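Here it is: the structure, laid out below.
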Amino acid sequence: MGRDLKMGVRGQGSGVRKTKTPNPESRIPDLSVNIAGIQLKNSVMTASGTFGYGEEYAPYMNLNRLGAVVVKGLSLKPRQGNPPPRIVETAAGMLNSIGLQNVGVEAFIEKKLPFLRKFDTKVIVNFFGDSIDDYCEVAKVLDTTDGIAGLEMNISCPNKQAGWLEFGTNPDLTFRVVSAVRRFTKLPLIVKLSPNVMDITVIAKAAADAGADALSLINTLSGMAVDAYTRRPKLGNIIGGLSGPAIKPVALKMVWQAFKTVKLPLIGIGGIMTAEDAIEFMIVGASAIQIGTANFVDPQVSVKIADGIEEYCQKNKIAAVKELVGSLRV
Amino acid sequence: MGRDLKMGVRGQGSGVRKTKTPNPESRIPDLSVNIAGIQLKNSVMTASGTFGYGEEYAPYMNLNRLGAVVVKGLSLKPRQGNPPPRIVETAAGMLNSIGLQNVGVEAFIEKKLPFLRKFDTKVIVNFFGDSIDDYCEVAKVLDTTDGIAGLEMNISCPNKQAGWLEFGTNPDLTFRVVSAVRRFTKLPLIVKLSPNVMDITVIAKAAADAGADALSLINTLSGMAVDAYTRRPKLGNIIGGLSGPAIKPVALKMVWQAFKTVKLPLIGIGGIMTAEDAIEFMIVGASAIQIGTANFVDPQVSVKIADGIEEYCQKNKIAAVKELVGSLRV
Amino acid sequence: MAKVLYNKRVLAFPYTEDFGAGGYYKLGIRWEDLPPIEPGQFIMLRIAKQIDPLLRRPFGVYKILGHGACPHTKNFGMGACLPVRGRTQTGGKGPGIEILYRVVGRGTRLMTDLKPGDSVDVLGPLGNSFPLEIRSQEVIMVAGGIGIVPFYMLAGKLKKARLLFGGRSKDDLPALEDFKKLKIDMEVSTDDGSVGEKGLVTGLLLKRLSKNSVVYACGSKGMLKEVARIAEGADIPCYVSLDNAMACGIGACLGCAVKVKGQGARGKGQEKQTSELIYKMVCKDGPVFDAREIEWEEI
Amino acid sequence: MAKVLYNKRVLAFPYTEDFGAGGYYKLGIRWEDLPPIEPGQFIMLRIAKQIDPLLRRPFGVYKILGHGACPHTKNFGMGACLPVRGRTQTGGKGPGIEILYRVVGRGTRLMTDLKPGDSVDVLGPLGNSFPLEIRSQEVIMVAGGIGIVPFYMLAGKLKKARLLFGGRSKDDLPALEDFKKLKIDMEVSTDDGSVGEKGLVTGLLLKRLSKNSVVYACGSKGMLKEVARIAEGADIPCYVSLDNAMACGIGACLGCAVKVKGQGARGKGQEKQTSELIYKMVCKDGPVFDAREIEWEEI
């Protein structure tokens, strides 16, 4: 039955699909997953901020092959972002200090969403604010917009009322902002957690208690890079967010801890480069995964990972990808 | 004057030194640093747990070339450590779950320290306990032992009285254990901080208030690895500590934050593989650095880094390495 | 997958403290179904199969390699004859491209290990190109060191062009021979006077500039800033190709931002209160920009 | 820096689901000032100059390469003639070592790219070796697949030895030819019967075992466990070479721990209350252990 979904809501499994020699012996695995009511044809999404508004990648890969696209984080008003340099490569990773530059929620709905709606993939809208009111305003606007499957709240964002303390690093702030937003949307609400905390389970619980439908984790680790010769920070903003393979062990641990603590479906993020990486996240408890930095390395990586998950299930005789979720043998 | 120290307390600049064509033009830079009263010939130390008790590396490199050796963390009684597997490689890093296996403080003094004393390098003893009393007991024993230049307290250790919460993740516990130990030793006391916190400056301040003479940071990031095929954790202990180049951006950021917050000398640790890395840590505020995982990759890396720092100073006309400390241009 | 045709050092740029022992190399890449590529466009090259270095690196396309069998040459409508070399191990001929690169860091150092027949992963062509509609005016191309790259193809497309090429020394003027063979006016300067005029290339520009000129420039940020200042002073059009660190190369990550002047506000340092975005992306909106658009203070 | 002399596939181990398409390779490494190396010792090889893979990898020393000019052979006191191959590009001859490796993961996959003349970084020889004082007894060497590595040198040092060599199939018996040339008794088994006896190598062992035997074994953990059980049952000495993941290779990181039985307590699962450490390090205390010492339950 997952197969139905795989073929697409609009009934078109369209696009460049690797031709496979059909093997009558091997059952076709059910790759579909359901995240808080969002039915996805497969567990692969692209992570916010690494995939633009989808249109940037459309010339290079087949968007129809994705479970969902998570768009660049939106705020109520457009944001200019941080001064350059904004990115620097690090060992097996990168730092970014984009500073949440985005076109704003209005321009997104008007100019970006119509393009995405043409594809047979779910659109999940990542958003943020620097006050609780801001978050609520954006949620309100998105709630009444067609073609959005769910919302992802980025709480790794400083709260100006709380002296620029990040919402996502304090359980109290997390609870307040999530329960406020909850009141303004009936869409599935995914809360995206920051890894820059001592104990992710405390924040996970706060988000769950406040009414989140699912959690995604992790956002970037806070980091810095310096040029030994000029003695200057390599980022205009001095501090940035670390992503890529370097952070995978940290992300896996946090997903596993969250899985043991809260009952919500989880979306695993952090350093996923291959299908094997994706499967590791599912084993520790993620129902779906997001691919970030890897898109920059290979624009087609998300499709390759979707194929790789299918291959893995087939070879290991896993009838439905759901069986993997939380199947760690300890 | 730093040069005197470089030549060694026992007056022997001994060992395999790269012969350099002496350049009468270039002044010899002063590489010495002083950390809370410990006068080091250079800013390079080896990190606890990655260099055994020194003797393991002695056949492969010249211990006399190091500013200091920090020995494997000691406890009051010997510790067996965690079940294998204990290590796994990750992207640009590794996870370890050694579990603080060590011979115990008595056996160290009797069997390991005499060997180290033969070298012209400072011995810094890393130690830990799982209760405040344990910490104090070890400190008391070490305080009256000859040949120890300073103590490094590893507070990334669970406190059994506090429900196995790590001392180093709670400012209150940090304050209590550091001030308790402080009463039992007149040796320079370095407190080694855990990165698994929301705000390193809070812990840094607590340690400073409690009487630490210096801070070293960072210890390993908490992480996990999973085998996608067996679906088992790759470490016997499930969770381990992430080290290596992957964590350098996180470490640099924390050193810089600590530098801006407390007045104590700092020792930078995390992913240092080259002299350039070491210099980056000094630029953000470290007076000295420790080399961990890199020792495994190249047993001579610490000596190469010491040489590289000298070369950098010479080329960039830096008269004393101290000038680099905290010289970030923001 | 594209295949390496050849990879060879063309100029041994001497050791310098900031970049170490570098050097200039030419890398030939066989590329089936070669799409049209305009002067100024670039590719994102993935160097390693390993995760170090992780990200792709941007490189301009220096030459288009023809379809003709080697060692015959083929006029590619660019005013230049393009012999394809390095056939020894792949029997390689076009279609393909030639990259001219300078070794500056980990990625470019690793690139020097590439051997004929190796696979490389090319994404592109990307970005915009130098505007060609101003063909009738007197075009002055100003290049600094590796900034020469876009001008080989551009020279082929222009009727009349003059090249001003500057470097630190004679070892910092890569592919000078290629340009000698083209029928364009060329003047050279070096900081140390080892070849051409002693001094900066902007010195040559000041001499050659006229009311009729249009300037195309590529080189270090410092050079571009100065060229832009000169053009602005002379009130002539000036286009510059910028070089920012990139992650995606296609406008998705917003990493390669460059500050531009708002429509209403051209003044220096004015805070934009409009909803108009003040950052453009070098990869998507560039790499070629009208010099008057750039906030040079922030470069 | 040691230099690669040759690197070639010797057996194409077929594709398997757990390891993918692997294969067995021989890597010749030129090593000036070659120190004495005992059978069973290993080296830590740094494969990449990049940081991926980061850590060194342990490999046993399969052969010592002689000093003689090629293609002449030299008897190295090991009962074996050691031609040195792959001289083409380096003019390479001994001294040096030969590694026999199986492609299982990232590091070994990258190793297949090594070419004659490439630099490699070798740390060693490390660890202990098989005890040789028991020479007078009947030695049975039991090898599973790549576990054959220590036995080429060991066979050369022993007066009388029998080799039992098992693998999944004929493609899983690397360097079988080398052993055929040695004057030792050898029996082969494969899981699929494609060569030798069909079944496990422990089946051969059960047949050959006598009161006078001493067993030396190297192979998968499962095989070693079974060999140890058989030897324990027959009450004969048994030495096994263990294979744990390693970081330092020299006893410093305490990463390659294996649980051993305490002196007072040989029983299964008993909690040690002594201050005696119950973990030994495969790199420093091993890789060769007396099988009775190991807590096999925890392997």
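Think of it as A, B, C and D in the order they're written, each chain with its own count starting at 1.
Here is the rule we use: contacts are C-beta pairs under 8 Å (C-beta built on N, C-alpha and C of every residue); 3 or more make two chains touch, one makes a residue touch a chain.
Computed from a predicted model, the values in this text were never measured in an experiment.
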Touching chain A and also chain D, the following chains: B, C
Any chain that touches chain C and chain A: B, D
Per Cα centroids, the chain farthest from chain C: D
Gap in Å, rounded to a whole number, between the CA centres of chain B and chain A: 36
Where chain B and chain C are represented by their mean Cα positions, the distance between them in whole Å: 45
Separation of mean Cα positions, chain D and chain C [Å, integer]: 53
In chain C, residues with contacts to at least two other chains: 51-52
Multi-partner residues of chain A (at least 2 other chains): 91-93, 229, 244-245, 316
Graph class of chain-chain contacts, one of line, ring, star, complete, other: complete
Chain A-touching residues of chain B, taken from the complex the two chains share: 90-93, 95, 169, 196-199, 221-233, 238-240, 242, 244-250, 252-253, 256, 271, 276, 279-280, 283-284, 312, 316, 327-330
Touch list for chain D against partner chain C, complex: 48, 50-52, 106, 110
Contact footprint of chain B on chain C as seen in their complex: 17, 51-52
Partner chain C, residues of chain A touching it in the complex: 49-52, 56-57, 60, 72, 77-78, 80-81, 83-89, 91-94, 96, 98, 101, 103-104, 229, 244-245, 273, 293, 295-299
Residue ranges of chain C touching chain A (in the complex, touch as defined): 18, 46, 51-56, 121, 123, 244-259, 272, 275, 277-279, 284, 298
